[in-house]
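One chain, chain A, appears in both complexes that follow, with chain B as partner in the first and chain C in the second.
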Partner chain A sequence: MADDIKRKDAQMRATINQKLVETGERDRLKDLLRTRLIECGWRDQLKQHCKEVVKQKGLEHITVDDLVAEITPKGRALVPDNVKKELLQRIRTFLAQQADN
Partner chain B sequence: MTSCGHITEYKSKYGTNQFRIIHAYFIAASSDNARRRKGKSGVCHTCRFPSFRLHACLYCVYFGCYTTKHIHEHAFSKNHNLAADMTYGTIFCFECGDYVYDKELESIAQIQNEKAAKSLGLKSYNFIAWEPTEVEVEILRQNPKRRKVENKSTIGLRGLINLGNTCFMNCIVQSLIHTPVLRDFFLADKHNCQMTSVEAQQCLVCEMARLFQEFYSGNRTPHIPYRLLHLVWTNARHLAGYEQQDAHEFLIAALDVLHRHCKGYSDNKCLSINKFFTGRNGMTSGNPHHCNCIIDQIFTGGLQSDVTCQECNNVSTTIDPIWDISLDLGPGAPIPNALLNVNNSSSSPSSGFSNSPGTYEPTSLLDCLKRFTKPEHLGSSAKIKCSTCHSYQESTKQLTMKKLPIVACFHLKRFEHSTGLHKKISTFVSFPEELDMTPFMSSSRNNTNGYRNQIVQESAKGLSCDNKYSLFAVVNHMGTIECGHYTCFIRQHKDQWFKCDDHLITKATLNEVLKSEGYLLFYHKQILEYQQ
Partner chain C sequence: MVANNCPSNRLSVRPSFCVRLSLSAELTSDLLTRSAHQFGVLVRIRCTHNFEKHFLCLQLMDSLPFSHLNGDLDHETLVSDVMYELIDDVTLGLCFEVHRACKNGTLFLGDTDPKSQREHELVDRAGVDVFGHVPTKKQFECVCPNCQRNLAASRFAPHLEKCMGMGRNSSRIANRRQAAMAKENESSRMSVLGDDSADDDNDLDWSYHVDRKIKKLKKDKSTHSPRRNKFNRFHKNGDSSSDRSATPEPGLSYEHLSQEERKQILVNTCGVISEHTKKMCAKSQKCHQHTDDQRVKVRQYLLGQSMVVDEDTTIDIDSLDDVDSSQSLRDNLWEGGSNASSPADSTSTNNSTGSKKRNGPKSAKLKKKKSRYGSDPRSSPFDFD
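So, the complex of A and B:
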């Protein structure tokens, strides 16, 4: 039973993902997120943080994966709530529109 | 960053075509067709799920998740050492164990990304991170002293000596100095004075540039703005002398002079904004304010006026550039119910309306704006000739915002001269820290936003931050119409408030600001558009 729900859930995710890609909405959302994160200084903050990590570990001893693992918690925590909220609402609107059609 | 040997080897054997195709169809996807294909087949070939870090093998048709290491399994079992990240287009080399960079492949990706961004009308590709030019690098090298602006630093705060009833000027200067985009313009040294060196002595924009230098010099003693005052006297003669003046009048005069003195170098850029202010009927509004100078870029908004003929319902529309919005206080006609609903957005408190059918007095900035944008019946004494039915008819006029300025300046008309008796209206008018202008936009007049679904409509309303503003300066007037004193509150950093009373600067709280008797309210747009 639980497996069934899990399977359906995964299927739903796949369908939604497909819709998001097909309509270009995924790129639009990404664009919106990018703009908002640039505007609020998130990009600059993370860039600074990356520089510090690279300096600390040395350019020769760090891979992109290391860097990603290092900055991800901070990156997630620094996304302002209103940006998350706006994105969520955009996704809701998109889904409602899709259901409407 | 140098390209790794494995890529060089790969390119000499297979060329760049495989990457180009994968990038065009499954990464950038610049056409509807490509996007459909990407949506359908963008799944891991091992687990069949669309993971968010899919990689595409550069040797054969295989997509695999990175996080579950399906792509790694493929790479090692088939000995295919390169794969492209399907979100960002970067190349992973399994032999080097890291992402690698290749100029040639990057430039292919760049071209295709731009094409895709254009096809969807995306904006963020217009963003270019700041890189210093050679000249700037040289200036930085010659001036090695750095000053880090921290949250508690008070740089930028400086009092202004009162030179004899010049508080009306001081409070406007403080507001302008703390206008973020104006500050960025002047501190980046963007004013290129086109006047001759003799004339430049008279240039108010140059004086502003000097003022910014004074404010940000780190000097803590109050500044004496005698040069500025002299320039104001010579450029706006009606403000000359030691009498008390109206701060709003000074603001408009200052903007006008600044705008005129900017003109020298902005003439060639005038076209773009002119195009915008060409009304719907193809006629220009004939206002001289169309230019692209820093003052117009920051302060100019577009006010749309729709006059509807009562006879044939023809609407004639004009759009005028405005620098500020003057709002009536005191009793006025009640707002029709229909309009109340339009503006009933989630954030606006519906207080402040007396229910009596006669008159009401606005008690909040939102009330004032609702009154400002409500349809107004032009009575029989103001008949206008309708361009469609060619007769003189009564009509309805409605004002809305067509284009929002970066800085919105609201002028609460506390000084009443119209009724014969001159008096000051000291009613408390509340104003928010954050203001959403969406309900007052021309596009909100037809409230459906193009969506049929009620839920979609509702969520679309509070959705966008595009029309949101933050308060950053408030000018207050104490006293009576004949005699009084101006002070102002200004915002530093993101949320620190200070009260400027001529030469005195004191710390203030947001609550004090919001409880004050505002006269001029300065709001800053939260989000600035990229230039296309």
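So, the complex of A and C:
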């Protein structure tokens, strides 16, 4: 039964993602997110963190995977609340629109 | 990771970490869940009883759907999932960029070395600016390019004015100096050269009290401005050769004038001798107080020659200039100091001598004035045929 729910859930997600891409909403959301993150200084903060990681690991031996593994959680954590709220709001609105159609 | 005695109820988001928080007793698990969702994180709360009852052990998990949660939460999960995917995308982009910069060697290119960083750090003390300097006015010194002196910056501009000789004040001072010098020169010698003071031309721009002798020499320039024309006509011509005392009399006494001087005056001024004062009229040729007849009579009387003079016609001396300019200039230059007239010279050159042909088609009146130079006493009212 849990698998069933899981399957349904996955299906639902797939549908939502498809809708997002088709309507172009995903790209718009991504652009909006990028702009907001640059404005609030998130990008610079994270880049500074990257540099520290690189210094720590060594410039020669750094790999993309290393970086991704280190940076992704930090990136999620550093996003300010207002940006998150705004994004969530827009996604909810989009889903509501889709539900209506 | 343990965070004991946190004063706030904030959660540090660490996937699959067990966090022990000290919470107030009123806080229920529901409230905790709700506040955790604000951050888009699914919280699974497991209450365990440890030493004290108000310790909760929270197990934070990655946001995954769980069947025991209600539909709202599912929805929220979905939404936050979408959001996190977007955030991850952006983060990935940054990672790629940084990694590329690493391999290209441009990652640390824009940074300053730690030593300079420490040196130029912002200063935040009281009474001192961001550079660490005390806010006093610094006196800047500059070197004058003309005289190579060290000057204070505030005094630089006025000094430069005087030093280079530009600007109003400096020309006034220079004029005064010239006037003084010229007066000296004249008292010592009779003639004044026309060529040796080319820069005196500039000084005449503003001063009206320059010595009349010099003014006579500079008639070319002096006739350009209407103001000076008026002045010249009424004062300079009459008083030019003899009256150096700068008397403001409108008339001239002719008795002590030499023949040449009389001729000069008669060329440029009305010249009619007044009955009352026995002086020559210093007004222009077209003065309305006297008739042409009178002027003719005066010339006959003074110069002792019969002549046909038509004072009012505008004689075109330009043509004469064209023909004789070179010769006249040469004459002028060579006979610089002498007042003696050489009768061998053609009459036509007399009028045009020294005139520098600057004014093209101007009236004869101005031309006549212009053509007079100290070295050219030959010009006379007879010579404009």
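Of note:
Throughout what follows, the second predicted complex is superposed on the first by the 101 of 101 C-alpha atoms of A that agree within 3 Å, B and C clash if a C-alpha of one lies under 4 Å from a C-alpha of the other, contacts with A are read in each partner's own complex, and residues count from 1 in each chain.
The definition used in the following text is that contacts are C-beta pairs under 8 Å (C-beta built on N, C-alpha and C of every residue); 3 or more make two chains touch, one makes a residue touch a chain.
These numbers come from a predicted model, not from an experiment.
In the superposition on chain A, A:Val54 contacts chain C only, with no contact to chain B. By the touch criterion defined above, A:Arg34 lies against chain B and chain C together after alignment on the C-alpha atoms of chain A. More chain A residues lie in contact with C than with the other chain of the pair chain B and chain C.
Of the two partner chains, chain C is the only one that A:Ile91 touches; chain B does not reach it. In the superposed model, A:Lys19 lies in contact with chain B only, and not with chain C. When the two structures are aligned on the shared chain, A:Val64 is found in touch with chain B and with chain C.
Across the superposed pair, chain B and chain C both touch chain A at residues 13, 17, 20, 34, 63-64, 92.
The touching residues of chain C, when paired with chain A in their complex, are 13-15, 38-40, 65, 67, 74-75, 78-84, 86-92, 94-96, 98-99, 102, 107-108. Of all the residues in chain A, the ones that touch chain B in their complex are 10, 13-14, 17-24, 27-28, 31, 34-36, 38-39, 63-65, 82, 86, 89-90, 92-93, 96-97, 100. Listing the residues of chain B that touch chain A in their complex gives 29, 32, 35-36, 38-40, 42-43, 49-50, 97-99, 116-117, 119-120, 122-125, 127, 451-453, 455-456, 459-460, 462-465, 527-528, 530. Across the complex, chain C is touched by residues 1-2, 5-6, 9, 12-13, 16-17, 20, 26, 29-30, 33-34, 37, 43, 46-47, 50-51, 54, 59, 62-64, 67-68, 71-73, 75-77, 79, 81, 84, 87-88, 91-92, 95 of chain A.
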